[in-house]
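I have a structure here, written as structure tokens, and I will follow up with some questions on it.
Think of it as A, B, C and D in the order they're written, each chain with its own count starting at 1.
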Amino acid sequence: MEKKSFSSGLLRVKLRDDFILESPIMPASGTFGYGDELVDMIELKYYGAIISKTITLQPRSGNLPERICETSCGMLNSIGLANIGVDRFVREKEVFYSNFHGKRIVNISGSCEGEYLEVIKRLEKCEWVDGYEINVSCPNVDRGGIAFGTDSHVLRSLIGKIRNNTDRFLMVKLTPNVSDICSIAVAVQEAGADAVSMINTLYGAAIDVERKKPALGRVVGGYSGPGIKPVAIALILKVKPELDIPIVGIGGICNGEDAIEFFMAGASAIQIGTAHFSNPAVAKDIYNYLVNYCAKEGISSIEKIVGVALR
Amino acid sequence: MSMSEKIRQNSLPEERKFLDAIIERNECIASETYEMVLLPEIDFPPSKPGQFVNLYLKGIFPRPFSIAGRYGEKEFKILYKVIGKNTEYLSGLQKGSRIKIAGPLGHGFEWKEKEYSGFVLVGGGIGVAPLFYLWDNLKNVEAKKYFFAGFKNSSEIVEPDGLGNILLATEDGSAGYKGTVVDLLEEEIEKFSSPLKIFACGPGGLLKKAVTIANRFNHDIEIALETVMACGMGLCQGCVVKYMAEEGEEFRLVCKDGPVFDGKKIIF
Amino acid sequence: MEKKSFSSGLLRVKLRDDFILESPIMPASGTFGYGDELVDMIELKYYGAIISKTITLQPRSGNLPERICETSCGMLNSIGLANIGVDRFVREKEVFYSNFHGKRIVNISGSCEGEYLEVIKRLEKCEWVDGYEINVSCPNVDRGGIAFGTDSHVLRSLIGKIRNNTDRFLMVKLTPNVSDICSIAVAVQEAGADAVSMINTLYGAAIDVERKKPALGRVVGGYSGPGIKPVAIALILKVKPELDIPIVGIGGICNGEDAIEFFMAGASAIQIGTAHFSNPAVAKDIYNYLVNYCAKEGISSIEKIVGVALR
Amino acid sequence: MSMSEKIRQNSLPEERKFLDAIIERNECIASETYEMVLLPEIDFPPSKPGQFVNLYLKGIFPRPFSIAGRYGEKEFKILYKVIGKNTEYLSGLQKGSRIKIAGPLGHGFEWKEKEYSGFVLVGGGIGVAPLFYLWDNLKNVEAKKYFFAGFKNSSEIVEPDGLGNILLATEDGSAGYKGTVVDLLEEEIEKFSSPLKIFACGPGGLLKKAVTIANRFNHDIEIALETVMACGMGLCQGCVVKYMAEEGEEFRLVCKDGPVFDGKKIIF
């Protein structure tokens, strides 16, 4: 798996001058393990970048079961950022990440500014890390997370400090569970982020009618999958005109046409989450659809349609 | 060594595939219980009893089913019970239909022939499925073999092929011993010569009791667990079970670390 | 159509001491016309109350098309509160409302406090109106609406003033598009509302990939249908412990099992919206399901399961 | 008078029903074009050409189809073109299948026999569907009748039953006049004796041109419009079209105030 492009550049996207993806497709954090889980089963070349599950300073075992639940239009999860912690991550995943052909993004979270900064500090030592996605919006942890994602002042301070500690690609993942996502996005941009990714899961819950109990052990969790796509598209359409930095679209993308919707709404790249569960080869399917789409439409680059719906 | 081989060596012991398969057979063999034979379009990797496959059917999550038997390099069998949307849909699929599958997934049962004087399989309801496959694999083993199979009533009975001691229980007594399969196990197990290894699969209550019995007589026990799974392949961290590791309680993934676990380490 | 109950009381629910519904099922505002639209086609007796589409002081023609769009898990609308205005409403709908067997609720909106109060004033003169549902959350109008629904201070003032002007049943409809719905719900209760109904539509949008344009003329609209159910359930589960007044559940209810989920999560009654489009007789189906459910579970009243999931 | 009658008199001119229907026939009669005969389980209310039915198929919105003919008190016919998810699904339904339907919905065409010396029907593509039904109803009318039907090419042609002047156009000239149906109309209409009433159904461009022609020659015109509909029965206010009323521009509901409108009042 050498570091060379296999596409003809049709699907190449630039998220920062020095951060170019050969494919606009990434796995959404937490839905693709640490990135290496399917290495024997599917071809990773369709991903322009790999994004790890959220890594925290200390290992986390996550929430009590039930942690997942299928709904008619998607799923609920309350995994609670279960992960092996930054030190084990650095130790165990180096081989895989070093060999991956595309960009390597580590998604990180913390319960206070200090934790975020410490995780960054340890990852800065790994030359096999190309960038960070900052999770400030996980609805499944009691402390930390969510507060950063809903308060633009707190967030601006956090991102500003992270920016001061890394020159690497810095992407901030936004939560949809806010009254005014634009002010949050703008704060993130002003604090020096290179991109925003949106959206993280919506608040969601279900009742297990048989047991007369909430389906998730934690009662409320994160809702993802096809049912959240209209929300993601709406928020991207709202945020796009307010931002100069690129948007990475996430939310219910299952197939090539969904992906096109996100590009047209203003996303420069996309992440696929829940769709991995119903189709582990979804990235390949979308990749091929996009290549054909460009050919059919006679466009030289997928970047040409980014935001066309707003023009 | 290719990268994927390197990685696999590092963390993934088995080869797995995501591919199309043709339904070769889909027959009702007991009340709401079907036997399905699947022919993957290309060779299906080697598998072990206790491993499972994902079937990609309706909705968001695929559905996990234990491999219940293999025929050569490609074909395999599953047994399933119709209990909801996906199994309903599955039961309506015709011979010749094509579905997506992934597998073999997870870790299977382990048996070290030399260490035991007997192997005891304990299955409740559709939990017999992976034990059928194990039973096939134990065919040439010299140790004693016992298959305890329990069902609600005689309409649900499915029995394994092959020789050996098959001990049947039904809760309503309509066939075999009257009572649960662990009641029967408890009565019989004292008669067998130690050391035994028990393999159990079925509802949570059954597994818990089987572990208690194993503990009492100091036998080894492996149990195949079920939890709701979103991915079945270690992507989502959704399928956890509490496990007593050396360092204390921790979560393990049923899909990847299991579904077969040392029964004595599981915290029910 | 006389004013007598046809159920044996199994489905009777009390939303205020003097506001008792013989069926917990209502149509969601805007998805059932003025209430009289289907009078020749389905039996209205399955509805315990009728809720009008939103009525404003002046007639409104609504937004430019496209105003609706189907999505994979629901629909988008940007109707924009099209309605005939309070005066024509009062004139033209008196016959129908006076003859309706259940409670008669008028959903109202305005672009300022004065407008809300003036509409109430005119409706107070109609003895055939039993209560109001205050729409403070329509995402489809430029001025007014949404501001009330997202700011608990503004909302408290509005509801307080409305409360001073009517003794009738007063229900406030909450928007899910806020960071903290609990504080909004509590403000509404403190201001004297008798119930909250939740949820109104989520922000949503879709791109028409063929036309390379947003599917709705107004770009962003309101998302409703099965895809929003997990959000509605989550927000009801969150709000329920904070409130003493009843919650009327809305959001993606399509069948009896969905309805049971809402009751178990804490809703005392339910509204059906988008499901009317795929099944005009949905109220009958749900009604019958609930009656059978009570029988099967051996419970004497559907009220027995309200909030059980939280116990 | 019952309440529902009172209300209906007030705002709803027609009786409508929501009920099950059996598919009696479902045949491909031209390229991607099907004729379906539906037998409602109980009597279907009287209907008028131009009215439509909702079919409840897949997804959130039902799908509206013009009534293309009636057989007695129950059965009716629709013609449909396969263009997406629901029509695809519809085309696969077997004779004997049961679907939910609602109708008849909306307002149909109006023709005052005495006022016109001729009636001119102009249909483009599957837009001929409601005109087939109208054509049946005009059978015994004494005035002259002309049916202009236009298609992309000869593979798409569907023709009405019955006598009368049928004028055919295809865009590629593979049958009849080469050009659009409104081009043909424009050439022919001068030859007919006034006053005429035109009824048009088809794509927006066709309708707009037909109205222009009607205006030029001072003929009356009714057009049957299509918009995306969520309910088809006045519940949602989604299906609006701009209409020039006496008081100025306003929105009208295609499903309830239409789908047939005075062509001169529609703002395209």
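Operating definition for what follows: contacts are C-beta pairs under 8 Å (C-beta built on N, C-alpha and C of every residue); 3 or more make two chains touch, one makes a residue touch a chain.
Worth saying up front: this structure is predicted, and the values here are computed from it rather than measured.
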Leftover contact groups, counting everything except chain C: A, B | D
Identity of the chain that, by mean CA position, is farthest from chain D: B
Centroid distance [mean C-alpha coordinates] between chain C and chain B, Å: 49
Distance between the centres, which are taken as Cα means, of chain B and chain A, whole angstrom: 35
Two or more partner chains touched - positions in chain C: 71-72, 74, 226
Shared-contact residues (touching 2 or more other chains) in chain B: none
Chain contact topology (line, ring, star, complete or other): line
Pairs of chains in contact (touch as defined earlier), listed by label: A-B, A-C, C-D
Residues on chain A engaged by chain C in the complex (per definition of touch): 71-74, 76, 150, 177-179, 202-207, 209, 212-214, 219-221, 223, 226-231, 233-235, 237-238, 257, 260-261, 264-265, 305, 308-310
Contact footprint of chain D on chain C as seen in their complex: 1, 30-33, 36-42, 53, 61-62, 65-72, 74-75, 77, 79, 82, 92, 95-96, 99, 225-226, 274, 276-281
Chain A-touching residues of chain B, taken from the complex the two chains share: 3-4, 6-8, 10-12, 15-18, 56, 59-62, 100, 102, 227-231, 233-241, 250-251
